[in-house]
Structures are given as C-alpha cells and as structure tokens.
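In the two complexes that follow, chain A is the common piece, with chain B as its partner first and chain C second.
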Partner chain A sequence: MTRRVEQVFRDRNLMLWGLLVTLAVVVWLSALITEFDFGDGLASFPRALGWLVANFVPNQRALNNLPSILNRLGETVVVSVMATVLAALLAFGLALLGSRTTRPHPLFTPVVRAIGSLGRNIPVVAWAMIFLLAFGQTFVTGLLALLLESVGFLTRSFLEITDETAAEPVEGLRATGAGWGTVVAQAVVPTLLPSLTSWMLFMLETNIRSATLVGLLTGTGIGFSFDLYYKSLNYPSAALVTICIVVVVLVLEALSNALRKVIL
Partner chain B sequence: MTGRIRVRRFGADSIALAATLTVLVGVTIGGFFLLDLKGLNLGQATAKMFHDLGIMFFSPGADHFTLPEMGWGLLFTLALGLLTTVIGAIPALVLGLLAARNLGPAWLSWLLRGFVAFVRAVPTVLWVLIFAVGAGLGSVAAVVGMTFHSFGYLLKAFSESFEELDEGTLEALKATGASWLSIVTQAVIPSSLAAITSWTFLRFEINFTTAVAMGAAAGAGGVGFDLFMASGFYFNLHEVGLLTWGILATAVMLEWGATRLRDTARVRS
Partner chain C sequence: MNVLEIEALSKDYRGVPALNSVSLTVKKGEFVAIIGRSGAGKSTLLRCINRLVEPSTGRIRVDNIEVTSLRGKGLRGLRTRVGMIFQHSNLVPRLTVIENVLHGRLGFKKTWAGLLGLYSLSEKQRAMDLLVHLGLEGQAHQRCDRLSGGQKQRVGIARALIQDPHLILCDEPIASLDPASAKVIMDELRRICDEQGITIVVNLHQVEVAVKYADRIVGIRAGQVEFNDAPKDLKKKIIASIYGQNHEDLLVEGVEE
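Showing the complex of A and B:
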C-alpha cells in the first residue's frame, strides 16, 4: 500500500519535471527564433517604466488637444457599437439557421460553423489590411473588420446558447402547431434575449480594445490620434489619449458588469 | 393607467434590457448619419471589395517572398506568441495566488486586481509602442509589451480559478497545521491545474493573433509584417491572400487545440 502511494507521487513528480523541461526547451527555442535576449528584456523593463513615469504624462499643452481627442474617441466608440450590433443581428440569423433546434435542414449547421470559424480565425488586423484596399482610410474599413471578427465569435456563442437553452420552449410551442416564424418570435427570442445581450456587451468591450489597433492601421478614430502624437514625439498628448482609452474601457467594463447582474 | 400595469409587469431586468438594446441600436443608426465617408463611393468600393476577396481567397500567390520564408514568418509569430504567454504566466501564477481572496490578504488582493485592471485596459499595441521608446523597436519591445498585457489577463483568470477552490478543503488543511506553501503546492495548484492549462492555452491563441497585429502595427516582424507590406506597400492581393490562408490555417489549429484542452479540463473536473 505504501509503495503504491510512493509510486503515485514519483510518477507525478516525473511528469511535472518532464513538463517543465519541455516547456523550458520550447521557450528557449522561441527566444532563439525571435532573437529575444532575456537579459535585455529584464534590463529594459525598469528603464521603460522609468521613462514612462518621467515623460509619458499629459501636460497643459496636451490638454488643448482634448476636444479633438474626445471627438476621435467618440468616433471609435460609435464604430465599435455599430460593428457589435450589426454583427449580433447577422450572428443571430446564422445561429437560427445552424442550431439543432431551429435549423431548416441539417446541412446548414456545418456551413454556419465554417462561416463563424472563418470570421474569427482570420485576425482583425488581417481583415483591416484586406478592406483597406477597397475602403481606404474611412471608418468603413474598421467597421467591416470588427464586424467580421465579431460575427465569427458571436455565431459560435449564439449557436451554443440556442442549442442549449432554446430546445424546451421551442418543442413546447411546436407541439401546439405553431409555424417557424411564431416559434422564433415567441419562444427563441424571449428565452435568449438576456444571454444574447450579455454576449453583445462582452463583444463590445473586446471591440473597443481592438478598435484602437484597427484605427492605428487604417488611420481612423482614436488609433489615428495616438499614432499622430506618437510619431511626432508629442508624448504628453499620446499619454492623454491612452488615459482617455483606459477611462472608456474601465467605465464600459463596470457598466456592462452592472447590467449583466440585473439582466441575467 | 396602462403605464402602471406595464411597470408592474416588467421588472428591473426587462427595463435594463430594453434600455441597453435601445441605446445600442440608436447609436448604430445614428452612426450611419454622423460618420464621415470622406467622399467614398460606397457602391464602387463594395464592388471592389468583392473583387479583392475573390482574388485573395481563390488565387493566392507570392512575388516578394518564398514559401519557406512565409513558413519562417509564421513560426516567428508563433514563437513570439508562445514566449510572451509563458513569460507572462509565471509571475501571474505567483501573484495570482496572493490576489485570490481566499489565499492572500484582502488589501493585497484589492491592490493587485486594481493594478491589472489598469494594465488590461491599455490596448496591447499601445504597451508595445510605449515600451518601444524605452527599449527600441524590434522584438524586445514586442515581447515586453505583450508579456505585460498577458500577465494582466492571466493574473485575473488564475486568481478567479483559485477562488473556486472548496472552502472546506482549505479549512481542513489549515486545521492540520499545514503551512501556506504546502496548502498551495498540495491542494490549490493540483486542483486548479486543468483551469490554469486551459486559460494559458487560450491566451496563447490570443497572443498568436496579437503577434500578427504587432508585426503589422509595431514593426515586430513575422507574418504580420509581411501582411502589412503586401497590403500597404506592394498592394499585392495575391500575397495578402496567401498570407491570410497561412494565418487562418495556423489559427484554426490553435483553436482546435484550445477546445480540446477545455473539453478535457471539463471532463476531469
């Protein structure tokens, strides 16, 4: 009996060490490939933080740019909301076509899943670089990039929710002889609306973070403001942009947490 | 009169739900009128978009790089994602223990959570660009910036999984006089190992995508930089297509791995 227990512990330790050694080797290889020097990295971290505290602070002159920054930030927030809402509508349609409980034909499910996978597995940056060629430096480029990414994520989660929670009410209503439209409007939508909204809020948080990146690449919104000040070495203004983004993200996070508590 | 009945029938939850949806839909509709198209012809641009997508997805090709070079770019980006995930996970694990409300002091938990909430609120690309001024462009800034953001994300995820540990188990171990360290190594870590693994792998999936972005937006190299050059410099749709296929294939593989890990974690627990 004792020997068995010892054996278990020895096996566990061996496995743990094996895992750690493999991990160390993979990390070492990754550092070789990316030409990253751990000493350099460790040394640069305090240096960069020191620089941050000393120079990356808004000053009086930066505050003059606040109206234009807030204007750009507003644009980014609006584009993120638009992408989220439009994506939610599309994803809901796709989920109805693909879910076990509501699909018109079983063949729709793999097609819907493939569309979702395509949307979310092509990074938002790649979508932005693709649409940049057709839509140029307008808000449409970012809107479409965020939209496709969101359709990908929301389709997957909406499908799962519809499969899991809509089955019973749908079956109940179908038994009364109700048609497809009635089933969707009276059973699916009311049952799912709270959790769909909660997912939308989550997606909105993600989109606001990604929108900065997309704006940086496509020359729109708050990303453009940051790029402008950063490249002209106007660090106090770039710092103000960063602070504005942080405030929006934190407020939105708090708001959607509070809403989620009430809704769900 | 009807107003009164409605208020009774619909509780706070329906009102909040309706208000949220109304605001979101209102902003969306307003956006179409408010935002500036800068003289873009939407019809022409949409036609061009479909034309572009057709070329990209159905006739990918390469002029400015070879296939092995593209493979190297993908490997570089994967390596960047892996490195930043692991380096971020180690301090996140240690500090995550202190930030868990059932394991560390309340003030420290509050302090750490506040700090990482701030770290996470700054988009990764801004961290990389900010660190680039202090550390110079290139892989060091990308690694440090991405690591910092991963640390913030994983600390929150880890400490929340530690908090799910059964309060009774913790009490029982404390009653035997076990030290904090042995409680952690013998009970907390083993029982959250599945959650830790699946969160870390999920972050690896995110960091691959982020590494593509950092190549395109912060000069970190790899497949993201190739993509940026193909689209923004050479305007070569065939190349954009090939690179997108490569990124897509890698991301699908990673997602498959993450889903497998999550499912095994669910079965075990």
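Showing the complex of A and C:
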C-alpha cells in the first residue's frame, strides 16, 4: 500500500523534472538554431536603453505635432470602440445560440465554436492584410480586422460564462413558462452583465493597442503617425506618439476599473 | 381527481437509461415524496413532468392534458400551471427579491411585456403579500445574492405560488439547508398543500423527512418504482432495498423494522 503511494509521488516528481528538462532543451535548441547569444542579448540591453534615452525623447519640435497626433489618436480610439461594441453585440448573440443553456438546438454549439476559433486564431495582422486587398488603406480595413479578432475572442469568453453562470437562473425562468427572449432578457442579461462588461472593456484595451499595429499596415490612425515619424527619423515625435498611446491605455484602464466597480 | 398521471415513462441519456417504465398517479391535494439514492432518476422524473427534460417514451398527463407532445405556447401554458422549486433556488442572483418573485408571472406575459419585465400593480401587490406571508417583507428590495439559503428558498416558493399553480414540483428543496431552515421550508410546503389544496411532489434525500411530511412515499431505484404507498407501510427492509444497502448501514430513524 505505502509502496503504491510512494510510487505515485515519485512518478509525479519525475514528470515535473522531465518537464523542466524538456523546457531547458527546447530553449537551448532554439537559441542554437537562431544563433542567439544570451550574453550578447543581455549586454545589448544597456546599449538599447542608452539609445532610447538619447534619441527617443519628445522635444519642442515634436510638441508642435501634438494636435495632429491627438487627432490621429482620436481616430484610433473611435475605430477601436466601434469594433469592440459591434463585436460584443455579435459575440453575445453567438454565445446565446451556442451555449448549452440557451441554444435553440445542440448543433449550433460546434458552429459557434468554429466561428469563435476562426476569428481568434487568425492574428489581427493577418486579418488586416486580407482586408487590405479588398478595401485598401482605409479605416474600414482596420475596423473589420479588429472586429473579427474581437468577435472570435469575445464569443469564446461569453460562451463560457453563459454556460457556467447562467444555467440555474435560466432553468428557473424556463420552469415558469417564460419564452426564450424573456429568459434571455430577465435571467441571462442581469446575471452576466458584470462579466460581459468586464470582458468588453478588456477587449477595448487590447483593441486600442492592436489598432496601433493595424494602423501601421492600413495607413490610418495613430499607427500611421508613428510609422511616418519613425521612417523620417523624427524620433522625438515617434516618442511622443508612444507616450500618448500609453496615456490613453492607462486612462482607459482607470475608467474601466471605475465602471466595473459601479456595475458589480 | 388526478392532477398527475404518468404511464410507462422512460428516459435515457444517449443510451444510458435514467427512467425505466415509471407509472405514477397523484391526486389533487396530495403531498407525495419521492425518495431514492443520488442518480436513481428522481430529478429526471420531476423534470420530465414540466418538460425541462424531454421524455424518451411514455405518457404524462397534467390536469388530464397530455404534455409529452406540447410545443410552444401549449408548453408554456403547462409550465405556468406547474410551479417548481429547486435545490439551489435558481433565482436570478443580481436582481431583487421582489423582481424574482414577479418572474413567476412571466409565463403569462405577452412577448414585449416579458422582455421589458412590465408587471401590473395587482401583480406587484400580490408579490408583496406573498413576501409578507413568508416573512420576507424586509428583504423585498434586497438583491437575492445577499440572502441566506433558507431565505432564497422562500423566495423560490413565492415565485412558484404567484403562478397560482395546480401542482408544485420540488427538487431536493432542503438538501442545501441547515436543519432549522429545512423545517421552515417543509412546514411551508405542507401548509400550502393543506390550506390551498395545491398538490406537492417533492424529491427528498432524507427518509425521515419524507415519512414525517408526506401523504404517500414513492421509492425509486435505478429508474424504477420500488415502493409506492403510505409512509406507515415503509419498513426498514423496503428502505434497504430502495437504497440497495443492508438496513444496518443506513442512517434512518423513526421507521418500523
């Protein structure tokens, strides 16, 4: 009996050590393949920092660009908000169709899950490249790229929270004879409102960061400003753009934290 | 008059049988307790009656209306006549007590009134009366996630009563409660049965509670009816066969050898 127990514990320890060794080997191999030198990597940190401090600091000339930077930043925020809100609505609809507790038919679940994975597993940059061909360098391209990625991500999260937290209230209301729409409006929405909002705000933060990246490709918004200044070697202005993005994301985080408190 | 007639009801979940040809009738105003081990099929049986679970074969009649073929409006109509009380109350946790009680009226609403949660003054008055009756008037505007288990269960009872049901199904209503709250809930169910003549069918874990409160006990084992008679006829040997154990191994008191 005790030998069996010892065996179980020894097996578990062996597994843990095996995992650690495997990880170490993977890291070492990948360094070998990419000819990455850890010493060099560490040594370059101070140099990179030195360059940042010397060049990547906004100056008076950069501040003159502030109005146009803020303008572009505004565009980016608006596109992100639009993409997030639209995505949240679509994802909520999909989650209702796919969740075990609210689906009209069991066949909907795999379909909804597939739509979710498709949106989520193709990176936002790839979506942007795809839509670039169709819509060119316009904000529609960025909007659609963000929308699809967000629908994928939010569908998955909404589906899971609906399965986990709405099952009991939904059953309670179905038993009273309430119709499907009424059950959704009176049981699902009130139960899930805080988590839906939380996920949506999280998505918004992510989207503002991604929108910057997408803007680089589509030539719109703050990403375009960054690209422009960076390529024309105007590092102080590029630095100002970066600082503006960080400030917006921080303000947004503070806002969403405040909102979460109110809703919960 | 029979409120509930079940004939040869069977249910299987993807080939795994849960109920095997269960037949059972319940008269108006009767208090019936269903006992059996976890997984014996008690919950499935109860949920087939209001079609939260789809029966595989067999017939179920509530108020002489065949329910196994009901759809849409007819099914909703059946559910308005059958109240249900759950082990975990199944209230909407973030809404207030009175809102949860009023949910019992949703089955009677037109679509838009249900979506928006519009209730008439008399419905609100009725909800308040029920809360007073159940000693919850002080909590009427509190959110349900702040209530104790016993209080939640009383809200569940109010939600069922506001439907003016002919039959109330209770799925393990006291399994998650302390003994004092459990007594309050069982006394209330008994009183509803005695004073309002509402038929009660209740799934229970505790044999002695069933013996104390019920007019009739139905014992279920592996999806089949093993016993169906008055509490006084429930002997220790029969309990042992319902639970598939030697009766010395069961913690049961107040039952004859």
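Observations on the structure shown:
Operating definition for what follows: the second predicted complex is superposed on the first by the 243 of 264 C-alpha atoms of A that agree within 3 Å, B and C clash if a C-alpha of one lies under 4 Å from a C-alpha of the other, contacts with A are read in each partner's own complex, and residues count from 1 in each chain.
One rule holds in what follows: a contact is a pair of C-beta atoms (placed from the backbone, for glycine too) under 8 Å apart; a residue touches a chain by one contact, two chains touch by 3 or more.
These numbers were taken from a predicted model, which means no experiment stands behind them.
After overlaying the two complexes on the shared chain, residue contacts for A:Gly179 are found with chain C alone; chain B is out of touch.
When the shared chain is aligned, no partner comes close enough to touch A:Ser99: not chain B, not chain C.
Touch criterion met: A:Pro169 reaches chain C, while chain B stays clear of it.
Touched residues of chain A were counted for both chain B and chain C, and B has more of them.
Residue contacts after overlaying the shared chain place A:Thr76 against neither chain B nor chain C. Contact with neither chain B nor chain C is seen for A:Ser150 once the two complexes are overlaid on the shared chain. Of the two partner chains placed around the shared chain by superposition, chain B and chain C are both touched by A:Leu193. Residue overlap on chain A between its contacts with chain B in one complex and with chain C in the other: 193-194. Within the complex formed with chain B, the chain A residues making contact are 23, 26-27, 29-31, 33-37, 40-41, 44-45, 47-52, 55-56, 75, 78-79, 81-82, 84-86, 117-118, 120-126, 129-140, 144, 193-194, 197, 200-201, 204, 209-210, 212-213, 216-217, 226, 230, 235, 242, 245-246, 249-250, 253, 259, 262-263.
The part of chain B that touches chain A in the complex is made up of residues 12-13, 16-17, 20-21, 24-25, 27-28, 30-32, 34-38, 40, 42, 45-46, 48-49, 52-53, 56, 75-76, 79-80, 82-83, 86-87, 117-118, 121-126, 129-131, 133-136, 139-141, 143-144, 209, 212-213, 216-217, 221, 224, 227-228, 230-232, 235, 237, 240, 243-244, 247-248, 251-252, 255.
Across the complex, chain C is touched by residues 168-169, 171-179, 181-182, 185-187, 190-191, 193-194 of chain A.
Chain C makes touch with chain A in their complex at residues 50, 52, 75-80, 82-84, 86, 88-95, 103-109, 111, 114-117, 156, 159, 163.
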